[in-house]
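Before anything else, here's the structure in question.
We just call them A, B, C and D in the order they show up, numbering each chain from 1.
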Amino acid sequence: MKDNKPTPKWKLKLHEVIYEADTPAGKFFDVALLIIILISVALVMLESVPEYFLKYYWEFYVAEWIITIIFSVEYILRVISIKRPKAYIFSFYGIVDLLSTIPTYIGLFVGGANLLFAIRALRLLRIFRILKITRYIGESNKLMEALKNSRAKIIVFLFAVLIICIIAGTLMHLVEGPEGGFNNIPLSIYWCIVTLTTVGFGDIAPVTPLGRLIASCIMITGYGIIAVPTGIVTSEYSKATSFKKPIKNTQACPVCNETKHLDNAEFCHNCGNKLNA
Amino acid sequence: MKDNKPTPKWKLKLHEVIYEADTPAGKFFDVALLIIILISVALVMLESVPEYFLKYYWEFYVAEWIITIIFSVEYILRVISIKRPKAYIFSFYGIVDLLSTIPTYIGLFVGGANLLFAIRALRLLRIFRILKITRYIGESNKLMEALKNSRAKIIVFLFAVLIICIIAGTLMHLVEGPEGGFNNIPLSIYWCIVTLTTVGFGDIAPVTPLGRLIASCIMITGYGIIAVPTGIVTSEYSKATSFKKPIKNTQACPVCNETKHLDNAEFCHNCGNKLNA
Amino acid sequence: MKDNKPTPKWKLKLHEVIYEADTPAGKFFDVALLIIILISVALVMLESVPEYFLKYYWEFYVAEWIITIIFSVEYILRVISIKRPKAYIFSFYGIVDLLSTIPTYIGLFVGGANLLFAIRALRLLRIFRILKITRYIGESNKLMEALKNSRAKIIVFLFAVLIICIIAGTLMHLVEGPEGGFNNIPLSIYWCIVTLTTVGFGDIAPVTPLGRLIASCIMITGYGIIAVPTGIVTSEYSKATSFKKPIKNTQACPVCNETKHLDNAEFCHNCGNKLNA
Amino acid sequence: MKDNKPTPKWKLKLHEVIYEADTPAGKFFDVALLIIILISVALVMLESVPEYFLKYYWEFYVAEWIITIIFSVEYILRVISIKRPKAYIFSFYGIVDLLSTIPTYIGLFVGGANLLFAIRALRLLRIFRILKITRYIGESNKLMEALKNSRAKIIVFLFAVLIICIIAGTLMHLVEGPEGGFNNIPLSIYWCIVTLTTVGFGDIAPVTPLGRLIASCIMITGYGIIAVPTGIVTSEYSKATSFKKPIKNTQACPVCNETKHLDNAEFCHNCGNKLNA
């Protein structure tokens, strides 16, 4: 369905600056936002180091509010510059953008010593702002396509891995028992996952000959079956890259925010509205 | 050979519900069973945690018997609804289904304090019920085909890996000796498997310069030859996916239980009997 | 050059039994030898466990001599049954077969308490008998071909890995220093190999922030570049499997011991002599 | 633009010996240099072991100066034998060659006990001499091409990995807290990188059930997504090897030092000057 009310010019202009990257202003907006995101993530990280937090408490507090206000303004601009705000608000990026500002505001109203942990948790969740950056990782590439095509098979594979881990974990619990650190089945399954994925922390390790024999089998299995997801992705990716040409158009429709338009597209393939020149 | 005695209608109906998934009743049966399997596996896991076991002893006991009775009824229904029960009883799933119920019954008759461990072991083996779930992981897919085709080569590869581990393990035992934790050859071979598969627990680690040099060679070998199974599976999988179309038919023959029928099949390709509509 | 002296019939017969596997006698010989090899390797392993060695000293001693005599007889038969013994004696298998018996004989003549370790080392080297088994791992398959084709590139890759490890190891030694366990450059390089190959023992681990940053880079590099050998082998293997048919002929030329004859070959492609029927 | 001044004959000759490897003299020069590089790297390594350094102080000192002088002479010859020295001086190899000699000379002028560490660091940087060796690892091969083509995608992938690590690290810090060793977010992110890349040192490991659950998810993710770079490189490498023939020409232009000329090239494809016969 086509929306016939003409969009005001300032909205079109704002949309171009905020959502697209093919004008100097749009590019500047993107780069500036990127830098602010990185700064905000760095701040969350540094804040978690006790010595920095105690020393620079006020600096962190002020910087946090400045960033929150910038992100709030950005969110409001994004909502008003688009013709159908709901398309943005309930999209992945809309939710991420909202969640980037909310925790700081909630921290204002929720106080009291007892709730310290909850606030701390909320403040740390600001790290999810890093997801705002995914906007800049080309989403229309073939990698995503290959991953989408192989998703079902990889889930089946990971499920098979989980079944192996559950059975092997139970066997290890039976064979090694609490002396070897395999105190209960969930813990033994955790150990199996650590071993099968070839991570191998070594905090828990078998000590009996039979346990070590089973562990060897698990390790060799893990070493061998890593070939399966690799085979799937490689095959799908080869297929994906042999057919289609990449799309370089970075325009987003000012009405429905649809991207992935053909390079020479003049109208949105989703809602039929005119794209910005 | 064709079996000419007509199958009673209720048997056909029951077979459709239990063995197939393309009617609402069949789908409901499958989903319900899936949930019970997951609950039973979760119970076995939680039971292994001492604090939960002591606290909820009776709850575990009752839940275990309810699940065992459900699985027993399922097993009997599966046996009577199929025309040639032996085809089911001696199949992989027939054995798994039987083993899912037996341990609890044996626990009834075998008692006494001395046998506690044996019973405990038996009870834990109920975890194999997770294998009942494999029924729902599409078995007719190309992944299995690729794995089957590459099985022989991967076994040769794993055998070569084992030979490398045996020789390298003996060398490490010679070079490091008991001081480094390489007390005997089987233990050193275990360490080599841990290292070659890039797991690396760290409970045993070389301390002499020569031992570390050999360890470096083992690690680089392991890092390099992981390419071999990957190459095999990728190549076989690419071949498997480039030729054939997937089969979506979930029907199972009511006489011999054969699956993998073509989408438009009306008769079983194995025994020639009519498939359910 | 063709050797025109006719080979005696018993030699041809013996050659067929010992070197080939397509007659019942030849198959029996191969399986029997395989079992003896496995037993001898198991004995070397068990002997290295102190408690077993002390308890069953005489049993090990007797079994060792029986196996050594069997292998000596096998070696002599192999030498006399072939027309050009040098082709066998200086081949990979000829040397392995000889080394499988020598250590026990040397142990006879070299005695004295001071030489205990040397003898022990010699005795342990009998583990190389496991290499006798490689005869049974199909050598003419495409896997070897793919590995041979990608050998040069994988060596270049491993060399690049080594250069990365040398430079990163030096940096880690500079940054972490002796406190973190990075006492000297060779040790730091060893740690880098452990890390880059994703083994990660954890006996040495960085403790300074900068050291951990560099370690993160090394790990991510190692995680990323494992794709390189995999890509090479997969590509070569795909090419190797798409062109040629496998050779199933197990015959070996009675004169020069060349294998890999075409399925319908009647004469050796290497020396022109007649193959056994 | 073509440079018309004729190059003196001795310069052409010297260029051929130093920069190319297709004459006996050029090959000898290359091999000799390779050996000296390896010796110098071995010296830097051994020097870092305290016991060797104290014992063989003067031997190290003398050897170091001999090597530095050889490398200085090589550097000067390289500069004068090429027509446009800047092309060499500011190239990767030009900088590496300079850095191989500078640290020793600086060590002469900068003295005093306080600066010992800085000098030592500079001296250690001599390890970068190993990079001089990269000249001999065929640079014109397809591997590099495949890596170059997949560079952009692998960077996107590693960036995605980093985002996962930042988010997962923050969650682990929240869940495990300082008791489990997850003292602050940067440390937790470091642990996530260690885990996701399947290295798994084990110096930090989760101890709470929830922490272990998240850790399991991270490990399985890491085990699954290693397929992505592998798929990319394999696909690109397959493409690279299926089209082009390898270039075997080792000639380098005497004017601009460009390599990668076609096998039958007579003039440099970069500056148009005549190549050595």
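Observations
In the analysis below, a residue touches a chain if its C-beta (ideal position, glycine included) is under 8 Å from a C-beta of that chain, and two chains touch if they have at least 3 such contacts.
Everything numeric here is computed off the predicted structure, so don't read it as measured data.
Chains compared, chain A against chain B: the Cα-based superposition rotates one onto the other by 90 degrees, nearest 5. Although chain C and chain D carry the same sequence, what matters here is overlap: shared residue numbers make up under half of all numbers found at their interface. Listed options A-B, B-D or A-C contain a single repeat of the A-D interface, assigned here to A-B, on the basis that more than half of the contact pairs agree by residue number.
Chain B and chain C have centres, each the mean of its CA atoms, that are 32 Å apart.
Each chain gets a centre from the mean of its Cα atoms; for chain B and chain D, those two points are 46 Å apart. Residue positions of chain C touching 2 or more other chains, listed in rising order: 157, 186, 198-202, 222, 226, 230, 232, 234, 238. Within the complex formed with chain D, the residues of chain C that make contact are 153, 156-157, 159-160, 163, 166-167, 170, 173-174, 183-186, 189, 195, 198-202, 205, 209, 212-213, 215-216, 219-220, 222-224, 226-228, 230-232, 234-235, 238-239. The touching residues of chain B, counted against chain A in their complex, run 41, 44-46, 48-50, 121, 124-125, 127-128, 130-131, 133-134, 137-138, 141, 143, 146-147, 154, 157-158, 161-162, 186-187, 190, 193-194, 196-203, 222, 226, 229-230, 232-234, 236-238, 241. On chain B, the positions that touch chain D within their shared complex are 198-202, 230, 234.
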